[in-house]
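If you scroll down you'll find the structure; I have some questions about it.
Lettered A, B and C in written order, each chain numbered from 1.
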Amino acid sequence: MTAELKDDPVPAPRPGAPLLEVDDLHVRFRVRDQDVHAVNGLSYTLAEGETLAILGESGSGKSVAAQAVMGILDMPPARIERGSVRLRGEELLGLPERRRRAYRGDRISMIFQDALSALNPVFTVGDQIREMYRVHRGLGRRASRDKAVELMERVRIPSAAKRLGDYPHQFSGGMRQRIMIAMALALDPDVLIADEPTTALDVTVQAQIMRLLAEIQDELRMGMVLITHDLGVVAGVADRIVVMYAGSVAEQSPARDLYARPAHPYTKGLLASVPRLDRRGDALVPIKGAPPNPAALPPGCPFQPRCPRAEAVCSAESPPLVTVAPGHDAACHFAEEVYGAGTE
Amino acid sequence: MKSEQPDAGPPVLEPETAPDAGAPAASAAAVAVAGGELGRASLWDDAWHDLRRRWIFWGSVAVLAVVTVMAAVPRLFTATGVNEGCDPNDSKLGPSGDHWFGTDLAGCDYYAHVVHGARPTLLIGVAVTAFALLIAMVFGMLAGYYGGILDTLIARLTDIFFGLPFVLGATVILVAFPSHGVWAMTLVLVLLGWTTMIRIMRGQVISVRDADYVQAARLLGASDGRIMTRHVLPNAIAPVIVIATLNIGHVIVGEATLDFLGVGLQYPQVSWGLQLNQAKDSFIDHPHLLIFPAVFLSATVLSFLLLGDAVRDALDPKLR
Amino acid sequence: MWRYVLRRLLQAVPVFIGTTLLIYAMVFALPGDPIQALAGDKPVPDNVLQTLRDRYNLNDPLLLQYAKYMWGLVQGDLGENYTGQSVSEMLSGRWTVTAQLAVTAWVFEMVVGMLLGTWAGLRRGKFADTLVLGGTTLVIAVPVFVLGYVAQILFGLHWQIFPTAGTDDGWPMSYLLPGIVLGSLGLSYVARLTRTSLSENLRADYVRTANAKGLSRTRVVGRHALRNSLIPVVTYLGVDFGNLMAGAIVTEGIFNLPGIGQQVFLSIQLKEGPVVVGAVTVLVLIFLLVNLVVDLLYGVLDPRIRYE
């Protein structure tokens, strides 16, 4: 156990390299003799202080991709086929586990959807937060305790010192998610991956948690990857948005531009299927059909069977990412036309 | 230490979660009901598909088929009846051409006795489990479905009977009726053995009771009786069936232990447990007296256990 | 925590009463003369039968009989045999033997069972897993007395590693082989339960969190997953004490250990019904007591139960 008290030194950042780069990431699962293509060539970059939202339906591979970046996929059955994940220029994929572990929780940390099941039910929340300091920093009892209280106060848990000895099930949903956040922030990470952080919460609590995350991010200047299926959650906080469909990028764009002028029929469909205050009276239009089975993706463009614009070329060739405006790309054969048409 | 490769089973894959976005919202109730029943049909279909490819499943079925035929029609295996043609001069002979399994203490043909021993052993195992299963299905269903006082009552009663360990309880009760046959024994063992399955049944019913398709059936005006038999039972029964299969094996071992202790079946009845009891003073010099009934008994029990395990694995997609 | 303890204690009361009443009713209240029945076909002189009827208050109404019997039991009076010898006196010197045997078996099944289960659970679907599953299924399928015989022949007579029978070599030597035989069934269940529980917990969300915290594999498994996995195992260890008590009758009989179990074993063969009833009732009470303690321990292990 002494080995884990001292992490291997994290190399000094390389000047000029972006905070987090994910490049052409491919993840497959081997399930019951079937190859499931969960992530097919995902790429994005995250700058310091930036919030990048990854938007997608369940099954789009967004959580799997996050776990691959984090290095916590179960392998097997998962396999990272190719691609690259670089933190300040240093390649993380293929690092020996001991080195990789030094980054996890320390430089990159993650919070999950359901804090009740994501926290260990048999340890007090204090124990679980203090574990970060004890394992990564080798702090003793007192020091780690003080740090934990400080951290719980920072995420605004009332009477933090008293609640240190409580178990996860004794907290409300929102408070539990604050504990998760506290744990993730313990070591001032450079990147925080938030996987559906508010999905399991009431709407009012959702807003509080999102505000807390935004404030802390500003304070620490860390990059945040926000994974969600909820356009509403994304709206206020994201600087840039990556829309994922069937394991790859359908569209990526600065947030404002995406809402105003989507360049992919899928994004357009998504926007048309949620109610918006500024478009009262418009009928909501659901996207026809269901997301494809990742074990048997359709030929060509994965969205083609559901796409209202689909033509012969769509099932023949998979579309490349087309740049329609600076920083705004869409993987569609008709990206220019869709972009040109606006949201009408 | 090599890490990062926790070889747990398949992941809880995101792609396997139901794609509800974009699903047609038409007639939610109908879809829910159909979903429940479709789910059930494919559960058993999947299980069967899975079982068909397992040699352990077929091996267990084969052993049990042979033992069942042996219990039902022993004449197919031996022409010798129970305690027939015994010659005290031939006591404890080893296996030979005349006596395949040798002879027992009274000089009876051991093969014939082992064949005849199948019936009471299997009968008690199956009958005890069948009655316990019936009790579990009826009262576990009522307790789980209605809850309230009935549930509390049944739960407390279960606690009390659960406080009496199977073999220990049977020993003390059976000592009080010395001249009991197969059915009296079955009764006592049912009395002590009904608690395991009812607990599982009750838990299952509670977990199924509030499922959407059950709610939907209720909204559509189905009666309690219909909901219980058509919707709850089929969806709650799978784990109980698995436990019942395993339970047959456990009862057979328990019965043999009681025979061995001398509180189970008594001479002149014939059972594997009783044969093992009679072997206890001479097995060191005449190991065949121990080996043959032990192998038959263990093979039968093992088959029930492996069958139960195989069905459980086949029914539980998580474990695949 | 104290509310949990109090509730468990209150819940235990009806179980204690119900279980003993059940035994009592089955033995003494069924049609026919229970005293004669307990003797089987063994001839018992009339005056002895009469004394015993008085002794067991069989002329009183059932509940009064039961109350008097329980009162006696609480004071350590377990009844008498057909020659008027007190059952509690017959058992008095035997407790330590049974306790030593039961503890040996319990520790064996707990330690080895958890180790095997952890080994298999971490290597689910691999050779180790198949080996543990297959081996434990086989042990469950073979009655404990057959295991006892085979162990006696192989380890006692053939290889002469352990004494065949008796307690001449004292603890631990004389108790190891019977303890292993007695604990083998429980070991199988403990191993299987640990395996299943661990491999399920390894897939739990909080294990994913522990990985995301950058903890070592040893810490993730040993501190996070295993701690949760052992909760059901501990409950099982309590329930299994009932099997141990029953198994003690068989094992002490086979290995000739002069404990409570052996007394029961011999008394069955001598058709000393009252001794069997008295001794087994005590074994059942011990089982219930151990279970109660384990239940309380469960509250310590699982905070969710404690604060319900």
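Simple rule for what comes next: a residue touches a chain if its C-beta (ideal position, glycine included) is under 8 Å from a C-beta of that chain, and two chains touch if they have at least 3 such contacts.
Source: prediction; values computed, not measured.
Here B is the chain whose Cα centre lies closest to the centre of all protein Cα atoms. Here the chain pair with the top count of touching C-beta pairs is B-C.
Note: centroid distance chain A to chain C, computed from Cα atoms, is 52 Å. One finds 48 Å separating the Cα centroids of chain A and chain B. Mean C-alpha position of chain B lies 22 Å from that of chain C. Under the contact definition stated at the top, the residues of chain B that touch 2 or more other chains are 3-4, 6-8, 11.
In chain A, the residues touching two or more other chains are 74, 97, 101. The residues of chain C that reach two or more other chains are 203, 216-218, listed in rising order. Those residues of chain B whose C-beta lies close enough to touch chain C in the complex are 1, 3-4, 6-9, 11-12, 156-157, 159-161, 163-169, 171-173, 175-179, 249-250, 253, 256-257, 260-263, 273, 276, 280, 283-284, 287, 290, 294, 297-299, 301-302, 305-306, 309.
By the touch rule above, chain C contacts chain B in their complex via residues 11, 14-16, 18-19, 22-23, 26-28, 30, 34, 37-38, 40-41, 122-126, 133, 137-138, 140-146, 149, 153, 157, 199, 202-203, 216-218, 242-243, 245-247, 249-250, 253-254, 264-265, 268-269, 271, 273, 276-277, 280-281, 283-284, 287-288, 291. Of all the residues in chain A, the ones that touch chain C in their complex are 1, 3-4, 67, 70, 72, 74, 97, 101-106, 109-110, 112, 114, 117-124, 131-132, 135-136, 167, 169-170, 180, 183.
Of all residues in chain C, only 203-206, 208-219, 224, 227-228, 231, 301-304, 307 touch chain A in the complex they form.
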